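Dropping the structures in below, format is structure tokens.
Both complexes below contain chain A, partnered by chain B and then by chain C.
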Partner chain A sequence: MPKKTNLLGLVAIIAAVTAFGLYSQDIYLIQVGTYAGIYSIVAIGLNLLLGTAGQISLGHSAFFAVGAYTSTILLLYTPLPFTFTIFASAIVAGVFGLIIGYIALRLKGHYLAMATLAFGLIVYSLLREIQFLDGGAGHVGIPSLSVFGWDLSDYKASYYFVWAIAAVVYLLTLSLLHSRVGRALKAIREDDIAANAMGVPVASYKIRVFTLSAIYAGVAGAIYASYLGSVIFNSFDAFVSVNFLMMVVLGGLGSIPGAVLGAVILTFLPELGRAWEDYRLTSYGLLLILLVIFLPKGLVDLFAWFNRAEPRSIRPKPDTAGRVVEN
Partner chain B sequence: MSGDHHMGLLAVRGLHKQFGGVHAVSNVSFDVARGTIKAIIGPNGAGKTTIFNLLTGLDVPTGGSVFLEGQDITSYPPYKITNLGLARTFQNIRIFNDMTVLENVMVGRHTRSKSEFLASILKLPWVLAEEREIEEQALHLLEQVGLEDKAHELARNLTYGHQRRLEIARALATQPKALLLDEPAAGLNTSETAQLALTIEGVRQSGITVLLIDHRMGLVMNISDEVLVLNFGQVIAEGTPKEIQSNEQVIEAYLGKEDDYSPHN
Partner chain C sequence: MADFFQFVVAGLTQGSIYALVGVGFHIIYSATKVINFAQGDQVVLGGLIALMLLQTVGLPLAIAIIGAVLIGAVIGLAYERFALRPTYKNGELATIVATIGASILLFHGSGLIWGRTSKPFPVFSGQPNEVINLFNVKILVQSLWVYGLLIIALLALYYFFGKTIEGQAIRAASYNEIAAKLVGISVERSRAYSLALAAGLAALAGVMMAPITLAGGAIGVPIAIKGFAGAIVGGIDKTGGAVAGGLIVGVVEAFAAGFLSSGLRDPAVFALLLLALLVRPDGIFGTKTISKV
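Let's look at the complex of A and B:
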């Protein structure tokens, strides 16, 4: 996706977030909007891993959880402020990402999906067991969001703070994408053998992009814990990982605005349709199938349709041997 | 090679590769002198591509060594070998399909540039300068292979012949000391092959040593300084094109007694 489109996407997101913040007086909707911002951070990071570098993770809820618990424990048992603990969350989640990234090096496709899924389940089970040992209530009474002593507990203050962080993450990711490193990551996605032969240290880059993606999830987790005020193990089950993955796929693999769009839609949709809660999994499955059939490149492809200079059909298509045939 | 005891730019000693019970490459030794064009020929399955994979680190040899400028690079990972100055193209084109033609070549500059994750995320001023430089060099290389007007197209949309040229440009972007071309003429028509010969000659003239695998005898015999012939993983002949053309073992390997090998032309 060209850089201009990504910048335009950011402008559109900032405008929409501000407009929503200014006009909506509904506390509940603003809260949902805040969660959408938190999940956007995770989705941008997962998109970098999956959409850009082509490495799947079905265990991102674990990195999110690690971030949430790290910050929570530090806030509850040490005098450290959130301004510090959010960095601690980033680091601890990053270390987990590094380890998983290293293990994942030898795995591809389905195998990588299974391994990361297992990692997510292990972290989930550990949190559950620890919580039962601890009395079973999870952690409550986490101090609300504040940075440098500036209280952000007001619902709109939290909302703007979260989206400001999301915007910064968006911009940083954008510059990474359009750099030597971003190109190398894309090359790994396209053909890791060729990338290696062209001088890209594939193994080290895979580990590093896993780490970075985990850091994003960790930061989001820290914000999530302080915003919600409590953490409990079942907020981090495998379905959460699948949900993160859906956000990225729905929005459009490889597109940063797509990741945010996916996060916003998949955060609001279930909330607006609480009455259909029972059909949630079914409708997700259906949505995924429809998506793969009609919009394999995600929702952002809808916008691309309008911008396409030439109709698709006259473009040369690769034949089964992967060669391009001119028509 | 001249009679002195120095090794060539690239020196291969007793290279061996076994896949299960198959000896794909056995005891292959040769030198490639700096600034020359050397061709490796041989019937299908003779082990030519395997040798390329062993030289570039995509496969690990079961025995033997590879030296680049005297340095033992055996079993180095591919990216390190590329960094030291060996670049290659692939028999079955391996371009980055969903990236633009320009981006493909820019990836080739990876090993000659240095901005890493943190610097790129923070977009430090020197990163931007480096990025501009990479783009300029990539555009220059595209001009060299005649693809400058395709720079912003997706690589997958190029014709087959253009994709082959793109692969060469991408490999040249790594600033190699030696370029390894694996069947660059496969699938090209006569005029494209003639064009390719000019490109390869140009590469050599710019000081880059060329090691070439191809089946097109016209091309190989015209542009090569030396030819190495393989059959069943072993060297059966080595010499100037003239010597090779009259070598009986070579003729037999190609024509066979039952005529079961035929070089594609």
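Let's look at the complex of A and C:
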């Protein structure tokens, strides 16, 4: 996706977020919008990992949880302010990302998916079992969001703060994507052996992209904990990881605005019908299958479809076509 | 020491389930290079279908078991045809996501039909929780059924892949697709049969364990990962490897729960999986593959 489209996407998102913030007086809707912003941060990071570098993770709920619990425990048991703990969350989640990135070096595709899923479940089980972390009881009374002593507990203030962080993350990712690093990551996605032969330090990049993606999730986790005011282990289960994955796949693999779009849709969608929980979740499964069959490049591909300058027929076939048949 | 053997017996029972799931992973992986995330949900579904045939339809137990396996296999066929086959051309990631989608669909779909709570399932023979004593070690009668059915299923697989033309065709297609095509084997059909076979085994595993662990419940994903862990520990490219690995995983799980804490049952197995992937991803009994990058 060209840089111009990504910048336009950011402008559109800022406009939409501001308009929604200005016109909506419904506290509940603004709250849902705030969660959409928090999840957007995770989705942008997962998209960098999955869409750009082609490395799947089904363990992002764990990075999110690590960020949430690091910040929570520091806030509750030390006098440190949120301005500091959010960085602590980023660092601790980053260290976890580094470790998983190192493991991921030796794994690909389905194996990597299973390994990251196992990692996510280990973190989940440990949170449940270890008294000091959660012990099944969770933490309540987490101080609300504030930066440099400036209180952000007002619902609109939190909303704008979260989306400001999301915008910063968006810009950071954008500049990364359109640099040497971004091109190297895409090369790794297409063929890591070829990328290696071209002089891309594949191992180092894979570890770094995992770390960065984990840092994003950790930051989002810290914000989530302080915004909600309480954490409990079972809000970080495997389905949360799958939900993050769905955001990226729904919006469009490799597209930053797509990740935000996916996060917004999948955060607002459940609110439409809480009573229809089972039907909604069942249709999620169906939706995932239909997406990868009929719209493998996600919703943003629909926009691209309308904007196509040249006739469709002469466009080259997608490069993902044709699975390797031989082992 | 009695504890030790007691845990081994319990571990082997649970491990038999993982062994069947692991063999399913092995069969599908050989034919399609896909790791089927929905495998665990197919296990749970097998138990629920058997319960329905048994109680709602009123069939005798043996017929209900066979029926659940056959229905499971048909679901496997449909799964391959409508969810997997259309995604092969869209790349590996698309296939992974499709199997995750199928897992969610089966889990929540079965929740819609049968509800979310686990249901009691009658034992195959004797009284519920009836045990026999062997050198001071108590063995559930149902455990004997589990061991027996595992052995029967493995013998049937051995016969199918070794002696029948269809089984040999599947093996040929998984060794070398192009060569198989050249001698007139339909690779697509082989893949479909593999999915059906694995789904049938998963359903059988679900029925076997239902009297011990109840039918239904949110246990599909852990079962899938543990079966996968078994396949990786033993070696996913061999049936024997997947079976041995599954039994090892079952015993490790029982030891972690028995000697450490019941809450460590899951993380111990998942850590074992990560360790195995790191140290020896080809498995203890698997063929070593050389790959760089």
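In the analysis below, the second predicted complex is superposed on the first by the 309 of 327 C-alpha atoms of A that agree within 3 Å, B and C clash if a C-alpha of one lies under 4 Å from a C-alpha of the other, contacts with A are read in each partner's own complex, and residues count from 1 in each chain.
Simple rule for what comes next: a residue touches a chain if its C-beta (ideal position, glycine included) is under 8 Å from a C-beta of that chain, and two chains touch if they have at least 3 such contacts.
Everything numeric here is computed off the predicted structure, so don't read it as measured data.
In the superposed model, A:L172 lies in contact with chain B only, and not with chain C.
Applying the stated contact rule after C-alpha superposition, one finds that A:P201 touches chain B and leaves chain C untouched. Within the superposed three-chain arrangement, the count of touched residues of chain A is higher for C, of the candidates chain B and chain C. When the two structures are aligned on the shared chain, A:I193 is found in touch with chain B and with chain C. Within the superposed three-chain model, A:I293 lies in touch with chain C and out of touch with chain B [touch as defined at top]. Counting contacts as defined above, chain A residues 193, 196, 202, 322-323, 326 meet chain B in one complex and chain C in the other.
Looking at the complex, you find that chain C touches chain A at residues 33-35, 37, 82-83, 86-98, 100-109, 111-112, 176-178, 221-222, 225, 228-229, 261, 263-264, 266-267, 270-271, 273-274, 277-278, 281, 292-293.
Across the interface of their complex, chain B is touched by residues 172-173, 175-176, 179-184, 186-187, 190-191, 193-203, 208, 212, 315-316, 318, 322-324, 326 of chain A.
Listing the residues of chain B that touch chain A in their complex gives 56-58, 77-79, 82-83, 87-88, 90, 92-99, 103, 106-113, 115-117, 120-123, 127, 130-131, 134, 156-160, 163, 170-171, 173-174, 187. Residues of chain A that touch chain C in their complex: 50, 54, 56, 58, 103, 106-107, 109-111, 113-115, 117-119, 121-122, 125-126, 128-129, 192-193, 196, 202, 238-239, 242, 245, 249, 253, 278-279, 281-282, 284-289, 291-293, 296, 320-323, 325-327.
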